[in-house]
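Common to both upcoming complexes is chain A, partnered first by chain B, then by chain C.
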Partner chain A sequence: MTLALFYIAGAIALAATGIALTRVNAIHALIYLVVSLLAVAFIFFLLGAPFAAVLEIVIYAGAIMVLFVFVIMMLNLGNRGTVVEQEMMNPSVWIIPSLLCLILLIELSLSIASLKSETNPIVVSAKEIGISLFGPYVLAVEIASMLLLAGLVAANHIGRRLSKMDQEKDEG
Partner chain B sequence: MSEANLPFIGAILLTVVGGAAVLTWFERRLLGIWQDRYGPNRLGPFGILQVAADMLKLLTKHDWIPPFADRFVFVIAPTAIVISMLMAFAVVPFGPDHYLIDMNVGLLFFLAMSSLAVYSVMLGGLASNNKYALLGGLRAAAQMVSYEVFMGLSLMGVVMLSGSFSLVDIVEAQQDGWYFIPQFLGLYVFIIAGIAESHRLPFDLPEAEHELTAGFHTEYGGMKFTMFMLGEYCGLILLSCMITTLFFGGWLGPFFPPLVWFALKTFGFVCFFILLRAAIPRPRYDQLMALGWTVMLPITLINLVATGAIALWMNQA
Partner chain C sequence: MNPLIIPLSHVLMLAALLFTAGLLGLLIRRNVIFILMSLEVMLNAAALAFVGASAHWGQTDGQIILLLILTIAAAEVAVGLGLVLQIQRRFKTLDLDVVSRMRG
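On to the complex of A and B.
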């Protein structure tokens, strides 16, 4: 049962990603990408990582993709974007990336084939993730927090300057 | 999930969807009482058949897609909110034995589903290819992404006190005292963020009818419009259920059976949200965003740090 669910979810993820790559309309591509992320989240859930599964939905599907849609709405290119995309769909553009991906895929299949398969996945609880994040991986957490702080400072800086310029414009 | 649960799933879906339908009438009656008028009172006893009349009208209307709209996205958009809201009910514990699944990440599952509901409003606004709808969609995106942050953070105090993401565990941890007392800051932020997230009045800026005609659903009518409304009312019920579960002890209470307590508390919060709609004017959009980042975020962070400190201190003593 679990195996069948796994393969169905995997097939959906692959198909959705493939369709997302070949869409010329950015919004359509994004919708398929969200479907693919949901399928990957479901695979995480099946593999015994419900916490990672839910975070995948909250962060990737629920926040990052929403920001993508937000930017597309702000730019609101309409049909012009589609026309540009159509020109980019030229097959010659695809050759080198496809080749590189193929090499990666072969490497990945070889390394997966050499792994011993685990039939009974262990369910990882949120508590264990917390303990390992603030235990052996605390350095990674701190580095990520510094990166986020830098982003926050930069965003604040950009926001400030714009609002000051707006004030001057209003006064002038 | 076993097959024996299928009738229970059906019962939940029927109750929620039926409840949402009745709520459209109940809200107008209650608003009427608070505003010193009758509201819909003609059809059937107390006007309750108004629900059936509205349904008939909405469902038999011509299902029209504007020629300038993006068909694919336009049709998909209204379904996202209904599906995600109904999915979230899978983790709500209605009673000690009345829940579909007790996930150890139940609370996060609720947050995930409510974050997916954003797509409905955004994509609806974008696909309509109409400037008012686009503005509504933009507002919805910024408002919901911002308030999602506080909504998630405000619940972490509850998680710290109960030590679990599972909603059943959270309710059982409230045997000695409901969390609305130690977590009053969390409750305050969660209620406000919840209204912003379900984009109901007073925070219905994405569809503010006095400035944006009807906002993101300007181009929608008939069945698809009904889906948006259904999703919104399901969201309201879900929000009330979550407040009951997280802060007011869920099914816990003396004398009555657990299900009755859960229903009573949830009903009380639904009424409270309708009262908010009647009592509070709509803020300006920049006021809403400023309130979020300058008031809500500091409050949640203070709540988080204080709760963590007290929890640590209590554990040591």
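On to the complex of A and C.
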């Protein structure tokens, strides 16, 4: 039963990712990406990691995807981008990258196929994760907080509107 | 046979497939927003491999790495989308080929 659910969720994740990355409309692609992330969250749940599944839904499918939606709404592209994107979909663009990726996938599968072990998921509770987060991994937590602060400052600096002087300099 | 058993190799195989799909998207798309989405897919595939390993050995370490991956993804997307806004303001397009000069 669990195995069948795993395969179904995996197939949904793969299909949704494939559809998402070939859309021309960014918002449609985002919705498919959210479906893919929800399927991966379900797989986390099946693997006995309910805390990871909840984090995946709240942070990935919630916060990060909403950031994308905000930016797409701010850009207000309309249909201008779609025509350019459709021209990029001819085979001469994607055939060589696809071959390279296929070779990489075959190499990965060969290395994975040598594994013969089976997983009997052991549920790891949020309590155990919390204990090791503030035990052996406390330095990693501090570094992650510094990284988030750096990301905040950088995003604020990069995303600022240009001042009048900068705009004149660009035009001049 | 215990129905709860999921082979580790199948979890890793799914992670590899998702990672390759993300890499392919990264290589063929030229729109900055789609490139950022492909990066998200690749990070997510790496996280899946870590959680699969965490479940296999019943340790917490894999899920802690998932937390760190989430942190990195959030910071990367914030900076990346800030860059997207600037590219759109300066070049009036999201095509990365237009932005290939390191000037201006």
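Everything that follows uses one rule, which is that the second predicted complex is superposed on the first by the 139 of 172 C-alpha atoms of A that agree within 3 Å, B and C clash if a C-alpha of one lies under 4 Å from a C-alpha of the other, contacts with A are read in each partner's own complex, and residues count from 1 in each chain.
What we mean here is this: contacts are C-beta pairs under 8 Å (C-beta built on N, C-alpha and C of every residue); 3 or more make two chains touch, one makes a residue touch a chain.
All of these numbers come straight from a predicted model, not from anything done at the bench.
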### Simultaneous placement of chain C and chain B on chain A, clash or fit
fit
### Message
Between chain B and chain C, whom does A:Ile43 touch in the aligned arrangement: first, second, both, or neither?
### Response
second
### Query
Of the two partner chains, chain B (first) and chain C (second), which one does A:Phe51 touch, if any: first, second, both, or neither?
both
### Query
Should A:Ala16 be classified as contacting the first partner (chain B), the second (chain C), both, or neither?
neither
### Task
Quick one: classify A:Met74 as touching chain B (first), chain C (second), both or neither.
both
### Task
Once the structures are superposed on A, label A:Leu147 by its partner contacts, choosing first (chain B), second (chain C), both or neither.
second
### Partner chain in contact with A:Ile122 - chain B first, chain C second, else both or neither
second
### Task
Identify which of chain B and chain C touches the larger number of residues of chain A.
C
### Query
Thinking of the overlay built on chain A, is A:Leu133 touched by chain B (first), by chain C (second), by both, or by neither?
second
### Task
Would you sort A:Val35 into first (chain B), second (chain C), both or neither based on which partner it touches?
neither
### Overlay on shared chain A, then closest C-alpha pair between chain B and chain C (Å)
13
### Task
Take the contacts of chain A with chain B and those with chain C, and give the residues found in both.
51, 55, 63, 67, 72, 74
### Query
Hey, which residues of chain A end up touching chain B in the complex?
25, 27-28, 31, 34, 50-51, 53-55, 57-58, 61-63, 66-67, 69-70, 72-74, 76, 78, 123, 125-126
### Summary
Touching chain A in the complex, chain C uses residues 2-14, 16-25, 27-31, 33-34, 36-38, 40-41, 44, 47-48, 51-52, 54-56, 58-61, 63-64, 66-68, 70-79, 81-86, 88-90, 93-95, 104
### Task
Give every residue of chain A touching chain C within the complex, in rising order.
1-3, 6, 10, 13-14, 17-18, 20-21, 26, 29-30, 33, 36-37, 40, 43-44, 46-49, 51-52, 55-56, 59-60, 63-64, 67-68, 71-72, 74-75, 77, 81, 84-85, 88, 93-94, 97-98, 100-102, 104-105, 108-109, 112-113, 115-122, 124, 128-129, 131-133, 137, 140, 144, 147-148, 150-152, 154-159, 161-162, 170
### Message
Can you tell me which positions in chain B touch chain A when the two form their complex?
### Response
70, 72-73, 76, 103-105, 108-109, 111-112, 115-116, 118-119, 122-123, 125-127, 129, 134, 137-138, 141-142, 144-145, 148, 152, 165
